[in-house]
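Got a structure for you, questions after.
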Amino acid sequence: MNFGSDNASGVHPRIMAALAAANEGHASSYGRDDLTARAAARVREVFDAPGAEVFLLGTGTGANALALAQLCPPWGRIFCHRTAHIETSESGAPAFMAGGAQLALIDGADGRISPQALRARLFDYPQVDEHDGRNAVLSVTNATEWGTLYSPADVAELAGIVRGAGMALHVDGARFANAVAATGAAPADLTHCAGADALSLGGTKNGCMALEAVVFFDPARARDFAFRRMRAGHLWSKHRFLAAQMIAWLDGELWLQLARHGNAMAAELAAIVDRAGLERLQPVEANELFVRAPRALVAHLRARGLRAADWPDAGDDAHRGTIRLVTSWATTGEELRAFEEAVQSFAG
Amino acid sequence: MNFGSDNASGVHPRIMAALAAANEGHASSYGRDDLTARAAARVREVFDAPGAEVFLLGTGTGANALALAQLCPPWGRIFCHRTAHIETSESGAPAFMAGGAQLALIDGADGRISPQALRARLFDYPQVDEHDGRNAVLSVTNATEWGTLYSPADVAELAGIVRGAGMALHVDGARFANAVAATGAAPADLTHCAGADALSLGGTKNGCMALEAVVFFDPARARDFAFRRMRAGHLWSKHRFLAAQMIAWLDGELWLQLARHGNAMAAELAAIVDRAGLERLQPVEANELFVRAPRALVAHLRARGLRAADWPDAGDDAHRGTIRLVTSWATTGEELRAFEEAVQSFAG
Amino acid sequence: MNFGSDNASGVHPRIMAALAAANEGHASSYGRDDLTARAAARVREVFDAPGAEVFLLGTGTGANALALAQLCPPWGRIFCHRTAHIETSESGAPAFMAGGAQLALIDGADGRISPQALRARLFDYPQVDEHDGRNAVLSVTNATEWGTLYSPADVAELAGIVRGAGMALHVDGARFANAVAATGAAPADLTHCAGADALSLGGTKNGCMALEAVVFFDPARARDFAFRRMRAGHLWSKHRFLAAQMIAWLDGELWLQLARHGNAMAAELAAIVDRAGLERLQPVEANELFVRAPRALVAHLRARGLRAADWPDAGDDAHRGTIRLVTSWATTGEELRAFEEAVQSFAG
Amino acid sequence: MNFGSDNASGVHPRIMAALAAANEGHASSYGRDDLTARAAARVREVFDAPGAEVFLLGTGTGANALALAQLCPPWGRIFCHRTAHIETSESGAPAFMAGGAQLALIDGADGRISPQALRARLFDYPQVDEHDGRNAVLSVTNATEWGTLYSPADVAELAGIVRGAGMALHVDGARFANAVAATGAAPADLTHCAGADALSLGGTKNGCMALEAVVFFDPARARDFAFRRMRAGHLWSKHRFLAAQMIAWLDGELWLQLARHGNAMAAELAAIVDRAGLERLQPVEANELFVRAPRALVAHLRARGLRAADWPDAGDDAHRGTIRLVTSWATTGEELRAFEEAVQSFAG
């Protein structure tokens, strides 16, 4: 029972089959092949964004950092939640790619940024002169790092503030499929119709091998991005193998099927946790849950094969700690049952 | 009555005279002149640091950013107070010079970082693997941006934590003279004897025209710093004119005389403010004070010639705002009296 | 008949099968899986370098730029051939990754750097003081961009100069397999035994989907490289799919078999060109050849389906131009015959 | 007799007097003072460029690197002469400030770039796709590093090529005063009227203490430059002391008087060299000359007090070497006579 991360899962068979099918003969490299054109066209359709510019690459950190570098000048500031992946887990990638831009962190319950918190944080950085740097971008993660969601209305409210401040809005969609599946909202409504300028769209955690896209809804925002991707080493030469993943992932709404499965597994896991009387920290809205439990129980579960990340939290103490459980397209009912049995077998 | 900033003051006559005296004939450029060697030697003496490496340059932001870049890898994190100049007023210079390093902000009353707050903030960034970046430097500002002080014991306590975490300690000494003058501590005791690795030593705010030094107490820390300064454009060609300022500034403890004057003027100004029954926000330990006053009074004072920066604070409201008053070597008794009269003339 | 580039080829069936085989259940992400450990061990064996540090990633530009950034300080200079990929085709990636390092170009026949040319170029940059920057790295490409080779003795001679100048030696091995296959030298003899510090080892052009490795033969050279790869977004989360490619590619010397095939196809193609009386520009030592031909002939060949890059050269004129023909593991005898027939069918 | 560099000279008395005169009372910092506004206005007048944006700072490397960073994207290429200061003597500052931009070097006699050489070099970098980077800027140095000149027509011819290629034109004017004085051309005719977009205007080598300006003739080119200067640490706080230098330097054409003197001294020195039958390498058009002489003579001159830089040249050999002699506003007739006597006293 591996709930360590959704990127511990493998590649969905339909994605794997698409890779094999794409492996026919020669194809022009660096994205000048037919599959790449089709993949971009499919993204545009799915997002109902005929003018959008779509760039494929292989990693989520690459996608986030390059998208942010495009939206933020080197002397700019990127606002994000204190627990955003770009802050906690990318070793400074956005600052590097953007030539020294800074993150400005925002607190907020359940991993979400509230309009009030955003306004208060912007107030910390009045824009008087060149000493102040430039307030440039808000990056929201949907689904959040705490497995919660922004609705289209949530995004739109933040976007209104952002727009008023002359800033841009980026959506870190490493788990965007989970957000679409859970909210039931149209992809467009969670992004450009709500005011987002750019999206990092993640396939890797949700059934692909290595596939992310950076989508600029206004093509003017994408100017020279091709240079940026190139010099960061993120332009694949055998580009058809990125494109094939994207086409198969979107085909027949596979991406949403997989996300729905991951979300459903998380809900079942939450029910198991609740039945066992354990403490959950956040509402479970997507494919992650956070459980504060006696450390002895956690050790017991790990001895039974549980893979889950420690997630230090303010409420932890010597006896109780927090773990994060992530489900994915590949999570099985057997894993859930094994988890429940392992919990029940704890005598502590 | 200009309390806008200590860098609104001019150049002390003895510094000006030293510049004129240095202007004799030719001299080797780029710091290969005799005055530069003497200036570095004088800094070493004053800091009782015979092995220190001393680099002169013209701006405080240059000094801070280059010193931090030297101590922090591009994937590193620089911890500092939420109100530190490197965070609020340098447009991202440290991140730029350090190739994308990030600031991690710490809260704390009166502009000071407490050991507890530092420990808690380090806890936010466990050092598990390459996702986490590297906790690299603590930068403390002494005197602080709120006109308060760290004692040698305060610095040493923070340095102990820093050392234990494998980090380096930087002192932003834009107003270091004020700190030495106010604490009465030896320069060495406020820096390397307390565990500091590098100091940005500021002369500009305290009687010089354009003079800062970066001091590395352990010469091994200074490796290749000359390249760093050069490619940032901070190596003066007519370097003797930096050196002459430094020599004159340190000569006969001019730097401390000037700082004592600035500090004393701030104390008198605080007394005036207190006599007027106005609200002061911080203890006045160096050469700055912060006054929350009716906005009508502030407008009245400005109409009478007051120069002082607005300093937005959480306690402000529609009727009351906060201003910062800074004194310097050039502040006069006349300015204090003019301020008091202006306050008294307010009928509001 | 696609001789456009070796990255227009697909993925070898054994690599594809390895990807499918690796797709079993969950696996720890970010390289903490068993396959990654095995892949690194295999590289060490093949290079007879038990202490080497091996990092996998997906693109050649990423591999080159990160390796060079590791070896070159931001104020350093990377010497390379005027036609090196890092100069002509990476949009400044090495300078970006290395925080502003510069390339110093070296002329040389057949895409090769001679010891004399290297010495003369180093002479251009005396190392007097900080104005001069630091001469830091020599990067040699083997096989070269002109399809020629360095022997172990060639590499060692350059390495001797490099070492004497306090510099490091990097090998851009995007086509390293072709070099090993063609020279018959042991991988160790073409790299660390000849004095190389780091190798970018390319699998993508030679049968893989997206696979490159950065190898540091002295582990001390690899310090903190993991942070560098991470913050550039080049750490794959589903890392097993890089590792699986590497294992299969090296298994049973597949990499050399494929390279031998590519090299042999180039030799046959050269023979066809020579039989047709066309002008070849370089000795054909690996898997590339350069043909200067009447523009009318080139147009005729393209109309018959030829894919080949224009390769502007000093000897071109209005009537004759140069094209580059690249063969690969996937080049077939049918393609060669089609090429010959197309040439013969030209009446011009 | 110091001909080591024009930055070995001191500060002209009128500049020194202006610094003293500016030292009255308080003044707003960071360029919000009256003198700064006047200095900028004076530059605009002298250049007949009413819309130009003018930024003052303290070093020539800062001015060059920041100006180029403004004109060149991080993935861009800056074309310059092989002997340009930005290539040989700034430790990679332009690449650093521009986030990784690259220099493309151009050969040319007498330190000058010819239109043919520029065209040929541009041909090396076809602009096909993102692999190629962006050809962004041409930087010409006037007067050149070899003491030669571009006329307005020369600049205009290069500008035409540059414009046609979608690039910008930067003039490195560290010795621009010498160029104006020598050509007799109006400052406007050597810059914006000839097609230049930006100028680094150097005062330091020509009588100032530390003063350079970056001038953007089209204000649209200057967008956000204030942020760039700030985060590079090049915004002086006591900014009036930069402005005072500029005003005095331009006042009464002092800058041109000083440059004329330096140029005249170089012409006299050349006559001395010629009378002695020594070999001069370049026409002497501004304030530098290059002499190839027996090494024994050079040693003899140095023993007599000569300061002059060794200038390694292709024509040097074991017995003869090249030195650079630079004159300045401060060069005296006594120095020339001392030089001539020292030459005559050589018995070798």
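Each chain carries a letter (A, B, C and D) given by its place in the written order, and its residues are counted from 1.
One rule holds in what follows: a contact is a pair of C-beta atoms (placed from the backbone, for glycine too) under 8 Å apart; a residue touches a chain by one contact, two chains touch by 3 or more.
For clarity, every value in this text was computed on a predicted model and none was experimentally measured.
Looking for a copy of the A-D interface in B-C, A-C or C-D, one arrives at B-C, which has over half of the same contact pairs by residue number. Two chain pairs are in question, B-C and B-D; the one with more C-beta pairs in contact is B-D.
Note: centroid distance chain B to chain D, computed from Cα atoms, is 34 Å. Work out the mean CA point of chain A and of chain B, and you get 41 Å between them.
Between chain B and chain C the centroid-to-centroid distance comes to 50 Å (mean Cα coordinates, whole Å).
Multi-chain contact residues, meaning those touching two or more other chains, occur in chain C at positions 30, 74-75, 90-92, 96-97, 99-100, 130-131, 133, 227, 230-231, 235. If the chains shown are joined wherever they touch, the resulting network links each chain directly to all the rest. The touching residues of chain A, when paired with chain B in their complex, are 74-77, 88-92, 95-103, 105, 123, 126, 130-133, 312. The touching residues of chain C, when paired with chain B in their complex, are 30, 73-75, 99-100, 129-131, 133-134, 224, 226-231, 235. By the touch criterion given at the top, residues 2, 4-5, 7-11, 16, 19-20, 23-30, 57-66, 90-93, 96-97, 204-205, 209-210, 227, 230-238, 241, 307, 330 of chain A touch chain C in their complex.
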